[in-house]
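Once you scroll down, you'll see the structures, which are given as structure tokens.
One chain, chain A, appears in both complexes that follow, with chain B as partner in the first and chain C in the second.
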Partner chain A sequence: MVKMTDLPIKGGFSFDLCTRNQMLLEKGLQMPPFRKTGTTIVGLVFQDGVVLGADTRATEGPIVADKNCEKIHFMASNIYCCGAGTAADTEAVTDMVSSQLQLHRYATGRESRVVTALTLLKSHLFSYQGHVSAALILGGVDVTGPHLHTVYPHGSTDTLPFATMGSGSLAAMSVFESKYREGLTREEGIELVAEAICAGIFNDLGSGSNVDVCVITKGQTEYLRNYQLPNPRTYISSKGYSFVKGQTEVLSTKITPIQPKVETVGGDAMEE
Partner chain B sequence: MEFQRMVDGSVSMKDSAKSEISSERTLYPYVTGTSVIGLKYKDGVILASDTAGSYGSTLRYKCVERIKQVGDHTLIGASGEISDFQEIMRYLDELILYDKMWDDGNSLGPKEVHNYLNRIMYNRRNKFNPLWNSLVLGGVKKGQKYLGTVNMIGTHYEDDHLATGFGNHLARPILRSEWREDLTFEEAVKLIEKCLLVLLYRDRSSINKFQIAKITDEGTTIYPPYALKTFWGFSHFQNPSKGAAGTW
Partner chain C sequence: MDLDLSAPHSMGTTIIGVTYNGGVVLGADSRTSTGMYVANRASDKITELTDNVYVCRSGSAADTQVISDYVRYFLHQHTIQLGQPATVKVAANLVRLLSYQNKNMLQAGVIVGGWDKYEGGQIYSVPLGGTILRQPFSIGGSGSSYLYGFFDQAWKEDMTHEEAEQLVVKAASLAMARDGASGGVVRTVTINAEGVTRKFYGGDTLPLWHEELEPTNSLLDLLSSSVPEPMST
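And then the complex of A and B:
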């Protein structure tokens, strides 16, 4: 009998569980809801590098799950990535590629390039056929210059001078389309990014809270966490809140001692 | 419910609402117009839209006037099904005609027309046979500026600046941050053109042929269609896949 040679493990999506999943759905299984980031993320290229921006609200359906989450993820010291879509997916995918980039840096002895991160991300997302719901804006500066890319959940990418993603992307894009020009200075770039994120925060329900900005130039990266806080708590009592005894009116009092009700029916006393 | 005589002589009941062959209610729109933007300025109200009538994903008609005058005091702009807009214009023209026939010196203002339109739209939706439109109504009567909207399910409200369809997502953020009470006509047109340009870039069913209409106490002017200048000269568009093979 001829022994079957071991076939190499193929990558890509494994369809083995699809029939079982379909059967479960038909039986009425409720999938747990994804925690989405319902986001506004933006990036633009200015004369010396790239500026990335993001809001800080993470939603679980109609509820705000995290008021101040971090959507700008570290990939390399010169490459950062904003993520929209399912929070777990964006975290996992950016962490994974960040580790792969570090190993690659050890192997090559060179600074990571943005296209490397891009290729790793897009090939991973494509092999999962869109089930890894991560929409990313990848930006960085390497030896070849400043780069800005968008990556979609199915694995396609764009190379753009300015980009927005997430539920607030239309509001942010309206700001970019009307105000972006080539050769912006650093201050103008940061201001435009903050304005676009604010448009998303105030006009989109899935985005909110604060503005995070990250400026990447050749040799230097500045991660400006909570660059703007346009949603402060406005109605805090300046006197503070104290709940003094007697503040609430007592209508009636009934005290029931519990001790006499407990009866021990033989047996050993409990150890310790 | 009606009785139907079948071929073999037996009688069956046919529920017309459930009949697949002859539907007596609107199910989906066919020829559609995209966004309309409206805003109040110092002297009155401005409405703007493009002149496209799309048949699904085909740009079938490029000369559709989606902003029309209603009586002396109102302008109406429509997005959605064009045939339903034409029907609405028939209702409104009839309303204005009957009002004129009274010849009592009174004329219907934008508030009244809006209310009438509300009732029509809401009643049609209750019969599951909507007029598939989102409408913007703007007007001035006796110095009072009015800008309101009503859509196919009967939702209606007024504001200082309004948009339908994609305009809600792309134009309203700009208007929310840049609109002021005392815009002059030139400033208002510049602001509207800013919004129209963003819509041209980012709405697939819009075309570069726009119509602006203004209404003041003096009267109505619907300007002839014109095009906006677009900019495509970003250096990144020259050779986008140079550093990253496989990008668009």
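And then the complex of A and C:
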């Protein structure tokens, strides 16, 4: 039985439900568990550089919020970062570090290094003690060579030749563990990454839609947006959809004129 | 089986540090776990603080990485100001100060080991809570529970380098066989007057213990070669 609460007379936020929630917690209510956003992100090192891959599904609980979002974020022209976890957190933290890297480039006059991005990310995430829910795969090529790192929400990092993250990470990791070897060519690297992402797309409910790939080599980066589209829309009406005027029944019509403009009389003109 | 992939990374771990006549040998396994999933099966838990001092990390991966980074930075400054390499005691105490003063927020158990010209090879244990204790050998991490008895029996003073290395590798592999949170490969670092030597022992080079099977590429090979024994009570 829902009790009707009156609209607050003064306007603004009503804290009634917050006090109710607090009371329920004290009575022993279990808050609903935090939902992980589904994702499959991967990265691997091949002979000339790194290949990053990601699926393109963004979820809000059980609903697909975005069927074709971009999970491979720009950090620098030679460094890209795949993000899993809370979409707002990954977007914000990669944007922030990307800006910091740009300022650092101006200060040093050099191309950004992957370890710089890594240190900036890990210090930020550690200081927020895991509350910034961003799990990242950072990859790039700089003067010291190709690098691939994973960054976890609590601020720990690992350096690996191949890595997977997100809810689909187990499916993708099984592909890597079977087929990865050192010294892959560019084509082999891209194929393996696409295969691993597909494993996540088809076997993990939190991942889906398309495969994005990003290939970073010395001096050149190729962002292959929607490299594979393994989930096309199957049934599309050949006639198309059209809505003829008069097709919808009008039940009633009410016209409310807009308030007349407020006219000010007198007063001085604004001065600089 | 619920995999909580957002659980903080902990290094279940087995870490070991022993002194021998001439220096120290540090050893560790390579497993980093997130809940029940192995996030990194080949991690390097022995981290450099200075040319002559290394630290074995166990506990929260993030906490120990940050502590190591801070101590490396402080030691670098200290070395510049002092004009000569930092001593192992100073390095261990810097770790201890961070660990003790932030004891409520950190989960870090480390073993600091190194060589300096004043005291030679030294091992300092800095467990949870921030105690500092100099010992001729030290073990830590979840896998160390299985090694107390082993070391009581196998440890002796004034070992040679080869003996110390073999002891560390044997101990690590015993712990990895019994502790679920330890596994992967064994990494060792030897520090003495001559410098630092890193060694790697892959899974197939480690000795097999009670009931452990030979590693095979495929279970199909195992099935075709012999009929497995039925389980006995």
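Please note the rule applied: the second predicted complex is superposed on the first by the 203 of 272 C-alpha atoms of A that agree within 3 Å, B and C clash if a C-alpha of one lies under 4 Å from a C-alpha of the other, contacts with A are read in each partner's own complex, and residues count from 1 in each chain.
Keep this in mind: a residue touches a chain if its C-beta (ideal position, glycine included) is under 8 Å from a C-beta of that chain, and two chains touch if they have at least 3 such contacts.
Just so it is clear, the model here is predicted, and its values are computed rather than measured.
In the superposition on chain A, A:202 contacts chain B only, with no contact to chain C.
In the overlay built on the shared chain, the residue A:115 is in contact with chain B alone; chain C does not reach it.
By the touch criterion defined above, A:182 lies against chain B but remains apart from chain C after alignment on the C-alpha atoms of chain A. By the document's definition of touching, of the two partners only chain C reaches A:153; chain B does not. In the superposition on chain A, contact is made by A:171 with chain B only, not with chain C. Once both structures are placed on chain A, chain A residues 122, 156-158, 160, 170 are touched by chain B and, in the other complex, by chain C. Touching chain B in their complex are the following residues of chain A: 45, 114-115, 118-119, 122, 144-145, 147, 149, 156-161, 170-171, 173-175, 177-178, 182, 199, 202-203. Residues 34, 36, 85, 122-123, 125-126, 129-130, 133, 135, 150, 152-158, 160, 166-167, 169-170 of chain A are the ones touching chain C in the complex.
Partner chain A is touched in their complex by these residues of chain C: 3, 5-6, 8-9, 32, 34, 37, 39-40, 42-43, 60-62, 65-66, 105. Considering their complex, residues 166, 169-174, 176-177, 194-195, 197-198, 201-202, 234-237, 240-241, 243-244, 246-248 of chain B touch chain A.
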